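Labels run A, B, C, D and E following the written order; every chain starts at residue 1.
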Amino acid sequence: MAQINLNKIAHSYIKHPTGDSDYALKLIDNIWDDGGAYALLGPSGCGKTTLLNIISGLLVPSKGRILFDGKDVTDMPPEKRNIAQVFQFPVLYDTMSVFDNLAFPLRNRGFDEDSVKTRVLEIAEILELTPFLYKKAAGLAADAKQKISLGRGLVRSDVAAILFDEPLTVIDPNLKWQLRCKLKEIHEQLKLTLIYVTHDQVEALTFADKVVVMYEGEIVQIGTPQELFENPSHKFVGYFIGSPGMNFLPCKVDGNIAVIQDSHGVMIKNNTSAQSLGIPLNDTLTSLASKASGQLELGIRPLYLKVHPTEVKGALKAKVKALQDHGNFKIITVILAGHTLRARLDEDDFTGTEDVWLEFPVDWIRLFAKERLLK
Amino acid sequence: MNKWEDNKAWFLVLPVFVIVAFSAILPLMTVVNYSIQDIFGPGERVFVGLEWFEEVLADPRLHEALMRQFLFSGLVLLIEIPLGIGIALLMPKKGWGASLSLVLMALPLLIPWNVIGTIWIVFTRPDIGLFGSFINGIGIPFDHTASPIQAWITLILMEVWHWTPLVVLLAYAGLRAIPEAYFQAAKIDGASAWAVFKYIQLPKMRGVLTIALLLRFMDSFLIYAEPFVLTGGGPGNTTTFLSIYLVKIAVGQFDLGPAAAFSLIYFLIILLLSWLFYQVLQNAGKGDA
Amino acid sequence: MGLSLKNMQKKVDGEIHLTNINLDFESGSRNVILGRTLSGKTSLLRLMAGLDRPTKGQLLLDGKDITGMSVRKRSIAMVYQQFINYPSFTVYDNIASPLKVSKMDKKEIDRRVQEAAHMLHLEEMLDRLPSELSGGQQQRTAIARAIVRDAELLLLDEPLVNLDYKLREELQIELQEIFKKRESIVVYTTTEPAEALMLGGNIVVLDEGRVLQTGSTPDVYHHPATTKVAEVFSDPPINYISCDLKESQIQLGGGVAFPLSGRLKTLSDASYKLGVRSNHFYLRRKNDEDIRLTVKVELAEINGSETFIHADFNGERIVIQEVGIYSRKIGSEIEVYVNPSRFFVYSDTGQLVMSPS
Amino acid sequence: MNLEWMAWTLPTAIFFITIICILIAMTTWQIISPCVKRRGFIPLSTTRGDRLFIGLLSSAYIHLAWLGLTDFTIWIAFAFSLVWMGVVMRWG
Amino acid sequence: MKIKKRTIVLTFYFVLLLLPIYWMLNMSLRTNADILSTFSLYPKDITFANYVKIFTDASWYSGYINSIIYVSINTLISLFTALPAAYAFSRYRFIGDSQMFFWLLTNRMAPAAVFLLPFFQLYSTFGLIDTHIAVALAHCLFNVPLAVWILEGFMSGIPREIDETAYIDGYSFPGFFVMVFMPLIRSGVGVTAFFCFMFSWVELLFARTLTTTAAKPIAATMTRTVSATGLDWGLLSAAGILTIVPGALVIWFVRNHMAKGFAMGRV
């Protein structure tokens, strides 16, 4: 087990990078705790696999050092780093039995056969592979194969970290639930440092203690799932985490009121009252806004946006554009001052109105300037 | 795989069928006809039943040629396959080196087979050949036209020289097709180079190696032009393989009946081998997927 | 009028892929085929497209038998799960290809291609080759090609399954808009209940090559006719609790019993399976009628705004989905509440006896 | 066209006609009732056509072995081959 | 260090591989008298006389021309018949498909010697003896199956869904095949052409049997030279070297696709 220190790492696949845009990874400077379950989350091409390969040693970063428990391992090959990795597709030794597959990393390191056996049986038990132990690995179903790949990663008790590169891609949706639970249980039991790369926010959020959100070669936020959800430090996090993503409204703070602007930056008048459309803020938000520079944006999660079918004092009137049934809940899409907002309704909530009134609970309002959260 | 079911596809196959049937079925029928008759000349023939078959089956020279053939094919495979794999492992994986190696490697395959024989005559003659005079020079009298053992060694050397590149190319292609993740996983698992070879490269190459093995076996079984040019089957009959013997009977002695019976037996052996080949191929394909 | 499948069957190598399929799709309707992997969704689409011939049965379009008609002569469009485009054509030529073949006027082709490209945000990519696009853009191209001509039948085979999560979300919304404007019959397959519900329209629930249930999508969601349908149509998986009904008391395992109330009163004595969707379990009492169950926590997953608690209730594994963040220790016993009015009541054989009103 | 060079004889003509008839019959059979791959005592899953081929090829070898190893009439080998063909087609 | 060792071993192998060819080149640049009188590792007095003779003597150079003619005809026939057939095998299931495919393969494996005599008589009957087309047709016996086999592999690598999309779009089969499909299997066609060329080029038995003078290939010219008068080693070597040239040229052009062709394991 180890703490992983990424010390000012940057990487470019081009030999002589000229500008910032030549870098697949811009500047990563972080310390990841021992025994934590981390998820690297981001869209395709955000650099998450590059970062993973740097940690595993398959890639040497162009700049910066990487340390395991304070020891510089930047130039060490993967086998010296004491890590395990599970790939997107099952990687198996076809000619070996499941047992031999699991035992392979131990045998290569010269463990005696008794301890190999104990450990393999233990891991097989956890992964429910015991019934297949003496079968050829090649003949098994995709999920069993992927479990073997997982097993080969888990079998060494001394590894610094186990890295997962979108390991559930090939697994049927129904089995994903089960395998994810398995992984989570294993983490609880064995307290390993796990790093899990994925583009699927559900996988990332349910699996990890700490989620590392990457965007265009940078880490935009590291936090617990709850932090990412409640206080996204970057607009991208707000958009990427949560389904649907966070609502954003450009605004200007006037006193303790956030006045909504249309896409040209013009304030919108409310037809009926000839007043600006305003959302009341609290003192903290007001003072944050006063210190900020640049265009302000108000963000609120669909989950927290309150929607009323009838007029409520202080609520803003909006037009309903669409209502989607998700089964467990509904998503309502409304238009407010030309901006599209989404809100989450309970499955039994109202349907069939043309206008709704929106209430913005002040505790859940977040303000952003230059794409960053004000705090 | 999932394919469309449609018997109209036969129309697409028809041209191939016609062109191959013309060259394959009519001659084959003729061979069958010849095999049960004694033919003296155009229009002069006598039905003899299965006599030629009995004669050919009892012919000790055929038995010898067959044994020689198996020995030769066996030896050639034993050398070419491991050598081919070894060389393939050494080949550079990318860049101009890979390109150049591939082109050089393929050169011997592009030479007409009788020219291969010629090259090796020129190369091994004790008077003017580099190889021949070199062996002579180190004190071993070398003359493959006189010594059966030396004739065999020369033939095998030539065959290995000629065809190992094919094994190399196949094995190389097989190696290149292994996803990088396997090597990464093996590295992380701490596998030695030998373990990587034994547990990843060799099993993953199984498909192409089967093909290489069978192709080489079949082709060495059919070998004609190279030994014909190099040794002419001699000295004596010591390098007379099946094809050479067959041509000797058919063209040399113009014994059409026995030659036809011989052809059919030869053909049946080949048919069985190709069938096995085909089955293994299909299963190898499944194994890879 | 529309497309009808009459008694269709598909056998491949003696293995039955689809059997006894009788379906009607009306013109202008939106239809979802929901089923797990290998349930026969793709086979069914292929039969409808005419790419495969059924072993038995007929395909009728507006009452006319078109079972043996060549694909070329039909008016269909299809989007595959893989990103299928002509690799040697530019995006523009890809989208234009069905129009070019039909010898349409050049200007009209251009107009339609631009329109389709605009709808799918591909204007910038028109000169590129598919291999130069991201997965999402490739699939957009495929969709654009499918909608550029007004085919009578638009088939989409899990078109979003290979895309990144967020892209999927975007395209789901866009597709809905696009479908609304079509007069063609849209058939869309998916494995995901949420996707099926979003698309709405009618649904066909498929399992192991059989049609389990058809109807309007929300209707089937709220009244899944068998336990199998409920399983396929719930994510996270629906929970089942076995119970016995005796003397007006429902007895669950572990000594939990409660009297019948409301609509449940009409049930007669027997063994039942109670189905409860994960989001109908709560960690707090919401209502006086709620029943309290004591369960053992096996795992708690936190997903930003929601918590999934996997727990064991008398040997039956259940998942509790609750909005909000709740961490619970593994192995600890917790209390969960469920309102009996939320129960789907199934008979022992898995037939729906009663669904929540 | 002069086919004299092919040197036809009655027995070979009968032989080839029989083969052609078998092929036609197999095709018709396949059209009427398509065959499913199965696995019998031959360690491969085979279709009817495969079994026919295996039967014919092994029959040829039976004849050759008979000719090479014994001096009895070839008709015994022929009868034996027929039985063998039946066995392969039915249980192979 | 490790990389160096592997380069050394590989270089050593290539030296051995090229040595016989080099020796032939060496011989070809010397006169016969020189060859027989002195042993030399390299040509001391380089002479191109042997090459000049080949290029000026019709009995020699016509051999090359003949070979190139029938090899080209054969390659074209093989490709054009094999393309639709390979498509059928890669896309359709039809009665007897696997049997047909196997039968084609057996022809690739059949020993030429077996067919020699009937071939001669068959082509005599049609009056084709000593024509280019005869050799080209005879070589189809093994080249067409080979072409079908290689192309089938390449075609199977193209997802069937592309074909379906084209049919759904309304393409006719020929339209689809030429406009959509051919560009996709271009490299496959290249590789196939290369192999057909090569196997037709290296074959001797059929080519020798079916020709006498007018269409006599270079390979046959050479064997006859050897067996009759021709112990003019210099001339023979020069002719041999020249037979390598066309193949070497072709392989240089398809080198990038070659590995792919071999990867299909289909030779």
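The rule is short, and it goes like this: contacts are C-beta pairs under 8 Å (C-beta built on N, C-alpha and C of every residue); 3 or more make two chains touch, one makes a residue touch a chain.
This one's a predicted model, so the numbers in the text were calculated from it and none came from an experiment.
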Closest chain to global C-alpha mean, per-chain Cα centroids: C
Among all chain pairs, the one with the most C-beta contacts: B-E
Cα-centroid distance, chain A relative to chain C, in whole angstrom: 26
Distance between the centres, which are taken as Cα means, of chain B and chain A, whole angstrom: 58
Between chain B and chain D, centroid-to-centroid distance (C-alpha), Å: 28
Multi-chain contact sites of chain D, meaning residues that touch two or more partners: 5-6, 53
Chain B: positions in contact with at least two other chains: 2, 4-5, 26, 30, 34, 271, 275
Residues of chain A engaged with two or more neighbouring chains: none
For the chain C and chain D complex, residues of the former touching the latter: 13-14
Chain E residues touching chain C - in the complex, by the definition given at the top: 159, 161-162, 164-172, 175, 180, 183-184
Chain B-touching residues of chain D, taken from the complex the two chains share: 4-9, 11-12, 15-16, 44, 53, 57, 60-61, 64, 67-68, 74
Complex interface listing, chain B residues touching chain E: 1-10, 12-13, 15-17, 19-20, 22-24, 26-28, 30-31, 34, 87, 90-92, 99, 101-115, 118-123, 127-131, 133, 161, 165-166, 169-170, 172-174, 176-177, 207-208, 211, 215, 218, 221-222, 224-225, 229, 242-243, 246-247, 250-251, 256, 259-260, 263-264, 266-267, 270-271, 273-275, 277-278
Chain B-facing residues of chain A, complex: 56, 58, 77-79, 83-85, 87-89, 91, 93-96, 104-105, 108-109, 138, 149, 152
